[in-house]
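Both complexes below contain chain A, partnered by chain B and then by chain C.
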Partner chain A sequence: MSFFDVVFYLFAVITTLAATGVIVARNPVHAALFLVLAFCSAAGIWMLLEAEFLAITLVLVYVGAVMVLFLFVVMMLDINLLKLREGFWRWFPFGAGLAGLMVFEMIWVLGSRQTSEVSVAVTHAADYSNTKELGRLLYTQYVYPFELAAVILLVAMVAAIALTLRRRTGVKTQNISEQVKARKADRLRIVKMKSETKV
Partner chain B sequence: MMEWLEPIQKFLGPAWLPIWTLLKIVVIVLPLMGAVAYLTLAERKVIGWMQIRIGPNRVGYFGLLQPLADGLKLLMKEIIVPSGANKFLFIIAPILTLMPALAVWAVVPFNAQLVVANINAGLLYILAMASLGVYGVIIAGWASNSKYAFLGALRSAAQIVSYEIAMGFALVTVLMAAQSLNLGDIVRGQHGEHGLLNWYLIPLFPMFVVYFISGVAETNRAPFDVAEGESEIVAGFHVEYSGMAFALFFLGEYANMILVAFLASIMFLGGWLSPVPFLPDSIVWMFAKVAFMLFLFLWFRATFPRYRYDQLMRLGWKVFIPISLLWVVLVGAWMQTPYWLW
Partner chain C sequence: MNLMANLIPVAAEIFLLVMVCFILIVDLLLAKSSKIYTYLLVQLTLLGCSLITVGTHENGVYYAFHGMYVDDLMSDVLKMLSYLGISMMLVYSRQYLMLRGLFTGEFLVLALFSLLGMNVMISANHFLTLYLGLELLSLSLYAMVALQRDSAIATEAAMKYFVLGALASGLLLYGMSMLYGATGSLELGVISHALQQGVQNKPLLAFGLVFILSGLAFKLGVVPFHMWVPDVYHGAPTAMTMLIGSVPKLAAFAFTARILVEGLQSLVTDWSGMLIVLAIASMALGNLSAIAQTNLKRMFAYSTITHMGFMLLGFISGGIEGYGSAMFYTVVYMIMSLGAFGMIMMLSRAGFEADTLNDFKGLNQRSPWLAFMMMLLMLSMAGIPPTVGFYAKFSVLNAIVQTGHTWLAVVAVMFSLIGAFYYLRIIKLMYFDAPESHVPIVVESDTGLLITLNGAGVLILGLMPGTLMSICAVSVQQSLLLH
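So, the complex of A and B:
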């Protein structure tokens, strides 16, 4: 077993354990942190496949941004653990069926002849830049789908802001431009007066 | 260059690679920790002199042993875990703050040859590691099981996340100018006949300002130190921490300061390149630039009053993000014209 295999199995075991932790952990904050660990070790596996751009972006976007927001929300919720576990057995067959379906799909996809041929990492020269190649593909061959996805995301962002925006009346906020415009003469009057004489 | 190492390499066989990498890590981390310790002394001295005081001068000549005394004091103190705190997360939070601050150094080049991992996506790696630092803050606040620590954590985390965006855009302009994510190539892109005029400082000056101010905000330094705010509030997310666990947060903060200084020097000030054409490029320039940027950190702290929280957020979202977005577009357009000289 080479060093490469050792690292792969290490990451694989950590990913699986962390993913199990996500669903087994009682505390939602612990579950979210397990998910972070799962993302990090998945990024490690991608790095082994020389997909450095995707691996680092996974950490940057999912761990660095998405999960931080998740944690923010989960930490502030007042979660009643008893209520969460209510009706576990009622929903168990549904969940088990879904899990079974996913396992079947994974075996189907990964076990097929087409995928088994490309499961080895393609090695490149040292000066090969994963980022450059991806960028070139995204902005030439896939430019329309890429721009379309960007516009959809933008629309979603604007919509989310527009939905939650509320103008409250009667709040005291600074008017920055007014403050910047203020001059000494507007606020301050210097009065010259003679010193008083002692009585 | 490293021929004398070959017999050792043969003797160790497959164990050579991990051992050699560990050695390189030690060679970087030990001086870094020393730099962090003496940066605290420099800070107290510089601010002292700016306020016409002497600063630490009792422990050793010029107070030179003061950082060691401070470190020893913190080591001897008991780490108190609050009752009801989540013990595991409480202990691991300071480690999570320090870990990314150290991991980033793997890709930082000191001169043309001296770098642990010369990877192509270096800039991206730095952004990813920098975005992990916020976990230490959030987990520390939550695991303390104290409302004050939790509110402090939310405040600091929101600040760090906000300034990360402007910082990211500033880095995007650099990678556009250099056309590479490799930090070594970014420095080499600033090489030219005119020395200082070839640096990205000139075309990207607004981004340099945005990057550095965001860097100050990211590291929770004055005037953006609402995480600590020792003259107004007790502290933020680390209010329940004591002893070495507390010290780890500050080790991380100072290591991050040094990192921001290094990155600003690499991306905008030409790294190890000489500012004038008649002097040779050398690692000395690198350290001189870093020392200057670190001095700016200390100077800021002695000069500016603390930002109020809403003004701090306004600066990040309403000033820096629009400016940096505009500059990204502008640099993109500028690079298509013949007037782009860098």
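So, the complex of A and C:
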């Protein structure tokens, strides 16, 4: 067993245990943290396959941004855990049956594959940059789908703003620009009065 | 490959995208009362797109962007029809949306985005572009359904549509990844070639096919993947229902044709068997459930399920007649459903939806002309001559009989006969029942003209279906069968 295998199995075991932790943890915050662990060890496996860019993106995007957001939401929402757990045993046979079917299918599909088809990961020289290669592909061969993905993000932005932006009337908010623009002459009126004379 | 050779076929899409961004900015500067200018700009964009599509059309099949994009006769024809469909949708829904405060720049922009998604799907030659086009279309539609934020039923519909749509996309992606595993490519032409050479991993291929078909069936809304259709059609504002129920069917046809015929032609015996089950189940369940509906939008939802099942019969029979008749059927269905939903919106007024059967009672006394147009549309949906619906059904049945599936044709005719009941019931309500309300029907001049053209179109196309049919046959022949 080479060093490579040892590291692979280490990460694989951590990923599997963490993934199990996500679904069995009672506390949703713990579940989210387990998911972070699963992502980190999956990134480790990708690193072993020389997919540095994917590994770093996984950590930056999923662990750094998505999961933090997730944790915020979980902490801010008041989730009634007892209610979520209701009906677990009632649906258990259905879920177990479905899971069994999936396992059977996977064994069938993977088992039928000839061993020669399983290819070994290609190794590259140390100065090979896979970020550069990905970038080159994205902007040449895959430029059309890449731009389409950008359009989809634009749609998501338009949709999110259209669905959540509410201009409520009658709300007492300060209009800063109006305040700054105000001059003394607009607010203050100096009234000249004759001084009173004694009767 | 030089730049212009890549850009010229995509010119219409690029123009559309640039105009969408332009409209997005212009709309910000316009006051709420002058949204009509945005609307006119959108209509001009559609006109511009159609001119570019006609202008850049060349005979033959062209690929661009490393085989991601294909420009052929079928894509050009379907794109022209989709511009027409979106334009009609906007004319029909303008007044309806204005009365409900939904006639906003976002609505118009999202409608154009959905059109862009459809066009990408129509001329996709690669699983990646097919999927991205589909997501672009679906995301715009989800958002449009949810635009009416104060309506609980619309929000529920949007939620259901979103969750089930995401599930369907997941199934589709899973299937695509399996096909990639089996054939080593995502490009349809290469997949087709690899399948002809023979693939070693048969179970993987079979699973991929099943997942892809399930995803397709979800998007088409055929039984047993139809659960979202009635709720979404019912819950969404009628203008959005009209959009969901009409033009995207063209894209769905192209999607199905590209994947099944261009990509997976070698597996035709496998998928046509599955399509038979889907088609029969859709025709049975759709027709029988539609009878029980009192809400017109729900009824049309079940009618969509039936029509899509019927359209699949064209794919089952195959060949120029089969695929051509399926395309013809889809186009005709788009025209009919635009008219039918347009009619619901014309009878609606501020704060009132004319979406139940009772609202159509005695329409002949309130507005004989609209009643006549609705009669034409319903006769066409039921497939009664001389309307075009008859010819659409006839050509599909003709194709299926020629391939020897006579029993399938008999089943289809039987279910159509059952289905005729609920279309004819509307005609009976309009002409032989007393009206329940006497509120005068106000019809804007542009929608009035359009519904007249729509009704006349259904009749004229029914009397002279030859041109449209030959366009469908030629484009199917050039695009799907010659390579």
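We adopt the following convention: the second predicted complex is superposed on the first by the 145 of 199 C-alpha atoms of A that agree within 3 Å, B and C clash if a C-alpha of one lies under 4 Å from a C-alpha of the other, contacts with A are read in each partner's own complex, and residues count from 1 in each chain.
We adopt the following convention: a residue touches a chain if its C-beta (ideal position, glycine included) is under 8 Å from a C-beta of that chain, and two chains touch if they have at least 3 such contacts.
Just so you know, these numbers come straight off a predicted model, no measurement behind them.
J.: Kindly classify A:59 by the partners it touches after superposition: chain B alone (first), chain C alone (second), both, or neither?
T.: first
J.: Considering only touches as defined above, state whether A:68 meets chain B (first), chain C (second), both or neither.
T.: So A:68 only meets chain B here.
J.: Let me test your reading of the model: by the given contact rule, A:109 touches which partner, first (chain B), second (chain C), both or neither?
T.: second
J.: With both complexes overlaid on chain A, does A:143 touch chain B (first), chain C (second), both or neither?
T.: Only chain C; A:143 stays clear of chain B.
J.: For A:152, is the partner it touches chain B (first), chain C (second), both, or none of the two (neither)?
T.: second
J.: In the overlay, answer first, second, both or neither for which of chain B and chain C A:162 touches.
T.: Once the two structures are laid over each other on A, A:162 reaches chain C alone.
J.: Can you list the residues of chain A that meet both chain B and chain C?
T.: Shared contact residues on chain A (touching chain B in one complex, chain C in the other): none at all.
J.: Which bits of chain A are touching chain B when the two form their complex?
T.: 3, 29, 33, 36, 52-53, 56-57, 59-60, 63-65, 68, 71-72, 75, 127-131, 174, 176
J.: Given the complex with chain A, which residues does chain C contribute to the contact?
T.: Those in contact with chain A are residues 10, 17, 21, 24, 64-66, 68-69, 104, 106, 109-110, 113, 116, 120, 126, 128-129, 132-133, 135-136, 139-140, 142-143, 146-147, 149, 178, 200-204, 207.
J.: Spell out the part of chain B that touches chain A in their complex, as residue ranges.
T.: Chain B residues touching chain A: 14, 17, 89, 119-121, 124-125, 127-128, 131-132, 134-135, 138-139, 142, 150, 154, 157, 161, 164, 180-181, 310-311, 314.
J.: So in the complex, which bits of chain A are touching chain C?
T.: Touching chain C from chain A are residues 105, 108-109, 112-114, 117, 141-145, 148-149, 151-152, 154-156, 158-159, 161-163.
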